[in-house]
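Input: structures, listed below.
First chain A sits with chain B, and in the next complex the same chain sits with chain C.
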Partner chain A sequence: MSSNGFFQRQHLQLIFCAYLATMLSLASQLTPLIFALTLFCLGWRLGIFLGRLKAPSPWLNRTVTLVAASATLGLVASQGLFSVMLHLIMLGYTLKFLELTQKRDINVFICTGFILVATFFVFHTQVYMALWGLVLMALHLIIALALYGPRWQWQQQGKILGKLVLVSLPLCLVLFIVFPRLPPVWKLPQQKGATTGLSDSVSLGDIAKLSRSSELAFRASFEQTPPNVNQRYWRAMTMSHYDGTTWSQSLADKQQANARSSQVTKTGKGQSYQVVFEPSYQTWLPSLTLSQADGQGFSVFDGSLRSEKIIAQRRMFDLTWYPDASLTDVNESQRRQYITLPAEGNPQARQWAAQLKQSHQTASAQLDAILTTFTQAPYRYTLSPPQLGASQIDDFLFNSKAGFCVHYASSFVFMARSLGLPSRMVTGYQGGEWDENAGFITVRQYDAHAWAEVWLDGKWQRFDPTAYVSPERVDMGLESALPDEFLAGEMSLLRLRNNAMINQLYLAMAKFDYAWSVWVLNYNSDKQLRLLSRWFGSINFMQQAWLFVYLFATALALMVLFSLKPWQRPRLSALDKQFYLFEKAMGRHDLQRQTGETVSDFCKRIGHSKRHWQSTLTDYSRVYNRAKYGQVSEVQYAKEVMKLKWLLSRLK
Partner chain B sequence: MRAEISPILQQLNQVIIGKQPQIELALACVLAGGHLLIEDLPGMGKTTLAQGLATTLGLSYQRVQFTSDMLPADIIGVSIFDPNAQAFSFHPGPIFNQVLLADEVNRASPKTQSALLEAMAEQQVSIDGETHSLPTPFFVIATQNPIDQAGTFPLPESQLDRFMMRIELGFPEMEAEMAMLQGKQLQHPEQVISVDDLLQMQQAVRQVSASEAVLNYLLRLVSESRYNATFTNALSPRCSKTLLQAAKACAWMKGRDYLLPDDVQQVFTAVAEHRLGGISDAKGSALSQTLLAAVDPLA
Partner chain C sequence: MFLATSVTLFFLGTNYQNNLILFLAFLLASILVSALLVTHKNMSGLTLSASPAHPQFAGELVAFPFKISGQGQHYEIEYQFQQHSCDVSSVIQAEQGLVYATASSRGWFQPGRLTVSSIYPLGLFRVWSHVDLDWSALIYPAAIKNGIALQPLPGKQEQGFCGTEAGFDEFAGLRSWQQGESLKSVAWKQLAQGRGWHAKAFEQAKGSPVWLDLTACQGHLEVKLGQLCYQVLTLTEQQGLFGLRLGSLEIPPGSGLSHQQACLEALALYGATTTQQGARHEQ
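Showing the complex of A and B:
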């Protein structure tokens, strides 16, 4: 450790901080195994720091590196390529941390740290995470500063760091706003992620779990007034297959679900809106019934929207809502699928359907009767219904009579199919919180909902049986419908919103976070082009490239100006300029004035080596001295400067 | 060289042969109205130069040989009871001369050395509560042996600071010493100018103009001594004032009525070295030279 002029102990403390902070920031993406290594390295490092242990020998380091690297490569199959890459870098970071002995090592450590901070931005896109990322960057920068300016005090280092960051801000902004967004040359391997949210099948009890999560699902902003709460049905997908316990998409549906379809007939006026989706690691896009997407999203057979790529990061979509449009097409094989029920099970429900068929003539009257039953009989809306027996629908409809949206929707679709009406289960979100001030709707996981669609009068119609049991759920949201059960047993900051001040703060932060998503995270080439053409008129790619070059050069020039501050430099007088030329001319003969040398001494010294100049040089120093130090009038001064010019010309 | 002073220099150059730069500095010191300290080994001509200077300028002078048992009264004078007048009468000491030649000043005890302080700074002495003015012009020309010589008390910094210049004579060139041995030395110098002439010259020296550029240079020199860690003793504001006066005298002697950085440089070692502590730096060059090399006259 003593070899090669080592860094100081305070650097080591900083490095400890930076290492731990970076490691813990990425902890959610790392396998627990690597933490064992981390603990080991930390312990050893601490031992070295306290002088109890020796640094590991190079061969041990190499062996551990090789073993750990090959072990990590073994994870490719289970973790995905991206994760493995991250682990490899982390491994290097950890082992380098143990190995630090020279400045060079610290440089490597800092650079690796920067790469890790960059990957941190891949996983975390929220504003406050971005700020934390900046802190991580600053930590690494401080190490670099401490390394190269070891004599500076903390405050001084902080000042320099702040200055550097401030100076680089304009460049950052120019790069961000104007730099052409080229299509990526390489792609990040798709990382796997687990998150709460809808899944592609639903059984009784599924949505209740979601209802306990206050995690953000998506946010939508409208150019005009948003739809009423009871109109906000954010449709994610439809399910047509029922196996007695679980609703899922039929095989045929799944095949069709990846194909574009233009079934939606645009009727009436469209209303455009923007939705910022949180990462769901799925492709479906919960959207108002019925919507169309431009760009990266497309409609599929059942009118729901899909994204071309899995949503692994916060992404924004421009959508158009057609409130008056309806889905009309359904072919024969689909129709058969939509009335299929398991061959047996739930006899009571089937029997009730047979009764309804006899007592009511039209299909809509039959469905109304079911809904009326939900209203009149003692049905209860609750998130914690009792366990159901083998015949779930029967048990629910005639026995427990307590459940939430999935129970009601699922029973309703079962009944509709028993009546011979094509129908399907729809999952998605309902409601959402409208922030008048900020202009967007926030939809959280607890807004997840299930309802039914029935093919009636030549089009698909929405039926939400939950609305009959608990109108509050649809009109005012889950919190009003179930104040006691809402987020029961969950730690959620949302509960603090009863406090007016905290609520204000929360709203302000939410607004900022939304703006961040729209303007920073989803600032893509389209948006860029739109913004630039708003500022600079219509603009093509080449013009944009030039614009970037100009702006970048301007920012760079400003940086140079502000760091050199030429306006603070004293202005050279005519005399000083003349003498500057003189010094330059002498410099060409390899004659430099020494720091403490006066002009006369300098001239004398030159005279020793250049004898033919001697008399001119004597004159030169005399005239210079008189003009510079004597009391001369302005006219005299100008004359002397001219004389110097002439004398200089003789020295060539 | 200005015509008025060339006869002075001519004569002094005959008194001490081959020491033109030191003689010029000594004269500049007198013209600037400052006290002069000549330091060297015994037998280098310190006293000769001091005497020659006083005689040439036509100043009344008295020489006092400082010894370790000297008391302040031996310099300043003493009040003695006169039985005839039934009163104390003051018998002025040797300090009541235009030039006090304090020979081997560092052989006296600090107490006696300090008796010179008021006289040098205020041009007056106080005895028994009575203040006596000293004649005009008034100079102390002191000689001292290097402090490593036996039986010396080093002058305190406060005393050193009151000497405008400290010059060293150094060994003469061989030709100069030869001329001396051949008896070409002037044994009895004569008065060349009158006291009035001297006062006029001093007045003229004060008239020399110093431009902002050169004052700036001077201040940068002084501040370098304060902020550069090489220098343990910083230069005082009194030193910058003294430096300016000495440099002006130097400029005037060369026949200029404005000051150049060259003048400052010329007197700098003599003015600043004893104030800087006079111990050479790591490379063995004088501190004042290190300081001069560090500051750009044109910056």
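Showing the complex of A and C:
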């Protein structure tokens, strides 16, 4: 069918499969133009294969390449360098279709495929995605196998590939575990993704969206007991600027955050814990109040943690939690920022503050009065509150009286500032589900929360007005607080967890997934050194290098041994074995068969010197020849071999 | 290219601090190593034994048959002569193979060492061996068309020696049957034995014998031999009776395929030393 002898239908089928699988796996990252190009190339290729179309001339090929490349680049240039890189590789991969004329082209296609599988891993790191990536890789390898190995035999090809991978696995594992992890050699463009989770500003209504998502936010593992439920406030950031509708970080805050100075006074013993963050494409590290990070994270002025780099893949951080620590320092300019409110708006709330100031003496008493108000009806907690008017705080406090955490926290900070108390909005997560068996807390997006901090008695203190409206939200989570509204309209595995078996399965999967994140995805040089020290005693870097060489050599030797199997002798048939014993027995009488001497001749020759054996030997050669050269059934064959054994016993 | 990809993946994995990409890089590197072993193993234990080759005319392809045996499976092994290679690729079927070489001149042709190679399984490595199977094939001179008169030449003619021509009197042997020939001439017995369609060739005495003589031809020695070769072929086809005189060597007149073979052999080896002839004469 095809003009090239080497290129057969099976190759094209395999290439189609590998191509489609790879492209669909990366589909979410690609611009629709690529799909159009794919259809074009697939169609043309099929046309060539069926003999309807001619292969494009090099000139046409170059034109198509140029046009496609410039069009694609124009479309994705705004999406960052990584996207451009990915699209260029994908473009080459797609256009290679049109010029598969030599074996070399197919090799290029296969290798490009491997690179694309790698970019797939940049975006997807879950266990099942890793397995799928391996399948993609196998699809590409099988093309090579079909090209250079047995053709058309799917089973054979699969078997050979399986064996090949199996033999390679020990070496691969040694490399993975022992090969020194290097720091990044040069900076590569980072992939961009839609940020998920909390954003750097919050307005009334924002967090409600998150509350509808059961997506994983992060998981934290504790070696000892986890913090109590009411202590599980995972602080992400604080916001000091309010413009009447939205809370955000002030410019001064941002500058201070870059300065990386923190004013945490550590007291008491710290408790270490590990957090595995899901990719959020942001730098916040929601952490227990107050925590410190070692390594890739750092603390900023307000005590929250930031990552050095954007969290673009599942990353683990080692953190230490100081439950008794407090933030103690606030300077004059910060103090001014923390009591600033818009000049106008929400007159009713300001009036209420003035009343409170008169009726209550101390600041804490004034704040308590506000919280007590929230406990009384008709204030209620709901994820779908009515729309608010222009004066949001007034409308909420005195009119609708229905809202969720952001409404309450926002109003509380507004009131505190109206009272002249430095205060700020805090966003993060609250709660999380503790799995006793696995030893970690799972925090999902619906655990997102907002609360307030007020500077009181020389330190920042946490106030969570939501806890007064809906104590269940803080103590037992959103699901118990709002059973009707929880994950309404979302298909989620979580809703099936009432079934005990599904729950068991779910927990086991979660545990495995966590171990995968900690030990595979975040296996770094620290862990490597720790693991190797546990196995081989404490070692330094040089020793690690030597260890690597030794283990590598061992794995290599094992591979060589198992694939060449030097211990495997050519297998002898039962008949040959019998004859071997016969020769050995004769050898004891100094009778050796000469090269080229037939069994009959040999037996005759022995018969001349050992006359009493003559008849037995004649039988022997006759039976032997019949079994060896005659057409005998298997049963007969076995009988003949037994007969030979018996005859041999008479020759002793 | 595979190695380069593996290294590229390693750098990608390192720079993105992505263990899955690193795993991919290590897996590729390991597969590279095991492919090396598999490539070697694929050819080890392979035994080739040569079978005699049929004589052929100079300038044409000579097919050298051989038997393949070994333990286990051997995939995609290529056979090619180191020197006299030609574009016609070898034919491998189950345990038998044919490898072709082009012979340029008459005489005993030795194709030299056979290169046995394989790039199985992934085309990453090539394992090869140059095997000397001690093959040789007799190469007849290339036939050169000419118009030497086919007349009975004056010479010693023996009485009672009769020529034959195709006829119906005497069974002369078998030749391949062609469509359109009489069904009466089909060798049914051989057909029943599964040896294909043959026709029984019969001969009939034909005029007086013809002598082909080297001295009667003109030109260079090889040209003369080529012309004689043509005559031998033509006369045999016409079932003519002919003899051959090559200097001191004289083949008495005869006809039929065995006579033709004797004549062609004499032509092929004309001028070659007798010792070599003896040593190589295997067929």
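Observations
By definition in this document, the second predicted complex is superposed on the first by the 545 of 652 C-alpha atoms of A that agree within 3 Å, B and C clash if a C-alpha of one lies under 4 Å from a C-alpha of the other, contacts with A are read in each partner's own complex, and residues count from 1 in each chain.
Here is the rule we use: contacts are C-beta pairs under 8 Å (C-beta built on N, C-alpha and C of every residue); 3 or more make two chains touch, one makes a residue touch a chain.
The structure displayed is predicted, hence computed values, not measured ones.
Contacts of A:Gly630 after superposition on the shared chain: chain B is touched, whereas chain C is not.
In the superposed model, A:Val560 lies in contact with chain C only, and not with chain B. Of the two partner chains placed around the shared chain by superposition, chain B is the only one that A:Gly596 touches, whereas chain C remains out of contact. Once the two complexes are overlaid on the shared chain, A:Phe579 sits against chain B while remaining clear of chain C. In the superposition on chain A, A:Leu521 makes contact with chain C only, not with chain B. By the document's definition of touching, neither partner reaches A:Leu39: not chain B, not chain C. Counting the residues of chain A that each partner touches, chain B and chain C differ, and the larger count belongs to C. Of all residues in chain A, those touching chain C in their complex are 103, 107-108, 111, 114-115, 117-118, 121-122, 125, 130, 133, 137, 141, 144-145, 147-150, 160, 164-165, 167-169, 171-172, 175-176, 179, 181-188, 313, 520-524, 556, 559-560, 563-564, 570.
Against chain A, the residues of chain B that register as touching in their complex are 209, 211, 213-214, 256-262, 265, 292-298.
The touching residues of chain A, when paired with chain B in their complex, are 576, 579, 594-601, 625-626, 628-631.
Partner chain A is touched in their complex by these residues of chain C: 1-2, 4-5, 8-9, 11-24, 26-31, 33-35, 37-38, 40-41, 44, 71, 75-76, 119-123.
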